[in-house]
Amino acid sequence: MYLKNAWYCVSWDKDLKDQPLGIKILGQKLLIFRKQDGSVAALDAVCPHRYAPLHKGRLENDILQCPYHGLEFNSEGRCTLNPHGDVIPPNANLRSYPAVVQNLAVWVWMGDPDKADPSLLLEEQDWTSSDKFARGYGYTHVRGNYQLAIDNLLDLTHGPYVHVGGFGQEPRKMGLKYPMNHEFFVEDRKVHSRYYRENWRTNLFFRPFFPHDYCDQTTFMCLHQPSNLTLDITVLEVGAENGLPSEFIAPSFHFITPETETTAHYFYAAGHNKLIDDKTVTAKMMEGVRVAFEDEDEVMIRDVQEAMESTDLLSLKPAILESDIAGVTARKMLAKMIAEE
Amino acid sequence: MYLKNAWYCVSWDKDLKDQPLGIKILGQKLLIFRKQDGSVAALDAVCPHRYAPLHKGRLENDILQCPYHGLEFNSEGRCTLNPHGDVIPPNANLRSYPAVVQNLAVWVWMGDPDKADPSLLLEEQDWTSSDKFARGYGYTHVRGNYQLAIDNLLDLTHGPYVHVGGFGQEPRKMGLKYPMNHEFFVEDRKVHSRYYRENWRTNLFFRPFFPHDYCDQTTFMCLHQPSNLTLDITVLEVGAENGLPSEFIAPSFHFITPETETTAHYFYAAGHNKLIDDKTVTAKMMEGVRVAFEDEDEVMIRDVQEAMESTDLLSLKPAILESDIAGVTARKMLAKMIAEE
Amino acid sequence: MYLKNAWYCVSWDKDLKDQPLGIKILGQKLLIFRKQDGSVAALDAVCPHRYAPLHKGRLENDILQCPYHGLEFNSEGRCTLNPHGDVIPPNANLRSYPAVVQNLAVWVWMGDPDKADPSLLLEEQDWTSSDKFARGYGYTHVRGNYQLAIDNLLDLTHGPYVHVGGFGQEPRKMGLKYPMNHEFFVEDRKVHSRYYRENWRTNLFFRPFFPHDYCDQTTFMCLHQPSNLTLDITVLEVGAENGLPSEFIAPSFHFITPETETTAHYFYAAGHNKLIDDKTVTAKMMEGVRVAFEDEDEVMIRDVQEAMESTDLLSLKPAILESDIAGVTARKMLAKMIAEE
């Protein structure tokens, strides 16, 4: 069902402050907190004594107090105090998970701790720290299996049907074909899905940043298995080479973390290299992204999940189109990785 | 569970305009739309590509566009366009269902299309088009198995207990018997349940149409298997023959369509042959009907469904009264028809 | 799952007036009503004819009328009238249950009626009728297995973690032990859990009744199997003997009745022997109790129930502390009683 030996996003780094965070991922309740040295601890979130929700407890000096009977735990999950007696039972400890910060996000390794491999993290992206970019963040709870959210991102042909609102795409005339210049390839644990459009009407969503009616647009989507995607959009003047001052670059993250079999967390962030000092512009862009993901994609994914009555798309033998190649390949790759694990 | 080779009501004719309608019946998601020639198409409502809800798609020139990736389907369910490539997979077509308009309603045949038999439709009723009648319409979602709604209609002894509100019936004094003059018979696929009352206090609900304190009332209920009922009420002056100018006639439809095992659609319409030009009177009558069905019957049916914890009433071995004869007979008839199918 | 041969609380005596009461206990829908002689009848709440909710019916002269078709039942559950025919089927009667009033509450015996034993009722407590006490009442619906509510009461070490609000307890400093002087013993069907504190800072909750900064406090909790608890708190001046005029006594009831496997009814009442003529003080005390039980305990129990994903705590092999002795003993006792039954 899930690949365990992998890094999953549980929070934006900036959102993990002095309160512990409770989150369910891969069907397990986890507790995340910031340690005094700035690093992050990830522990099982349920007290082994009476199953209380530990993320509702007090956190002081890297020690967490259970909100029910006051057992205390350190950042490795060891029970350090039973306030009511002399004995700490050997099964009163919490499982801990490797956790790191990278690419603006907090990541947890859900499999064998000895196999936790930092090289499997998405490599640090320049735009996350560059002063040439402004950045915004968001989160959407998805009422569908995480692979539906991945499919949705790997096949962007849905844009002009689903995103007439948030991304301001023009709806398609019926009865016509709209082939896209699409490139697809697999590399290690990555699935690339790239779209090229030349002399294309500039998307309304990009107009504040790129004031030309027509453009050449490149859209690079990459899935880093099992469930984290990067999307890099570049908008150029028609026929221009990359690197001109007018070039608009919008990189983004789409980190999907399974919550249960039929729900997922969707952490997204986006940057832009124009109008970077105008916070209103960034806020407006992120509101468009929120509408697109929350009011448009998520509603579709929820409808699909409900209609499927399953989490295994391929077992339903759907009609498969050429445009499904990235999504189907990603599903088969992941199924193989899970089976090998 | 359901009789498949039968016509089920999915909408009032007047309510099916230029937007496609999504409705679940017999556990299946259907899509209904009006064709340009005025006839009706009924298709499976889930896209065979990615399980998107097709009733949320665009409809133009009898072609429906999937709201997710834009596949197009004609009114027979054939996929006519894949906008993103050259191939339309053979399994990209939708199942279609025979659909017709009759008696103010849209009907769908859920079984073998080759067996779709117009003679099994409820025969056209005069009052639906006569200028001697005014008409009103309604719909209630029922949180109970469809057979509970049928039972409720076939045994009208519940009136003075359940309908003290909407139908303004006088509650019964406790400790007394209230035998009704009841006639019951079966004819082909029909179950008739008829009640006669002579020199009876006129129901408050009928007073605007029939301004006499006492009346002779005949109440003819007929189930057309599997789940569509007609109710014809006639109110006469005491001892009068049918046909006097003061005769009040109120025919009505009660079309029940199973949605799931424990929910149903209830389409109702009613006519009246007095004050037919006063829309306020019709509206007030229909509001009384709505209160009776939605706030009184439906709440009772929901409570009963919850208490039964089953959909098979007879298997629970309930106490059976003489007044249950029509309902029990109808259940046994339908069980036999389903078994034969 | 449940002990059947036992008395369960279904209502406060004062709350059972002239309307019948419907309540689900031990998974069964019951109907309770007050008879004209002041005693109480308890019957199955579902009509054997068509599964209608009888507690919504009319009650006159100890006769209950079904709200669907008007069948009438007497207080022993016998069907006394079928208003629509001559025959009352033999299976049209309702099961009745022994029911009595004691300790301000209405009690129903859910097992074999021949074994209904008044001596198994909680013995009448003086404070329920004494003019030396004022009294208040409450009810909370608990979204957890009834045994979680019992555990919560038998181990009061949770107070300073959970009840910083309603009971105004001071939160504990982290890193320190807080051993309590605890006495535990079993006696017949009772489990006693007693706490003694000397020279203790007076709880804010008791200050209106006991205006001293420090006190000796005794807290006697007793479970009467299967699920009814008494709690007697006495607050004395430091070093004083019982019986001084300043002695503050707060007895209370905590009657837990299983509703379903994962929900319970919690009826609570409390008395106080100071300021007994000031209804504002009683109301304020009961509001503090309500906050503690409803907003604090109940939320914790719900979280625990959800995290356990089971109703059998011990089968999960939790970490067990010395402070769990009363709860664990009570669970083992009850499991044995249920197995013997």
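Think of it as A, B and C in the order they're written, each chain with its own count starting at 1.
Please note the rule applied: contacts are C-beta pairs under 8 Å (C-beta built on N, C-alpha and C of every residue); 3 or more make two chains touch, one makes a residue touch a chain.
These numbers come from a predicted model, not from an experiment.
Although chain A and chain B carry the same sequence, what matters here is overlap: shared residue numbers make up under half of all numbers found at their interface. Superposing chain B on chain C by their CA atoms means rotating through 120 degrees, a value rounded to the nearest 5. Chain centres here are Cα averages; for chain A and chain B they lie 47 Å apart.
Taken residue by residue, chain B touches two or more other chains at no position, since every residue touches fewer. Within the complex formed with chain A, the residues of chain C that make contact are 151, 155, 157-158, 160-162, 171-172, 174-180, 300, 303-304, 307-308, 316-324.
On the side of chain B, the complex with chain A involves touching residues 29, 46, 48-53, 56, 58, 60-61, 63, 65-70, 72, 79, 81-87, 89, 91-92.
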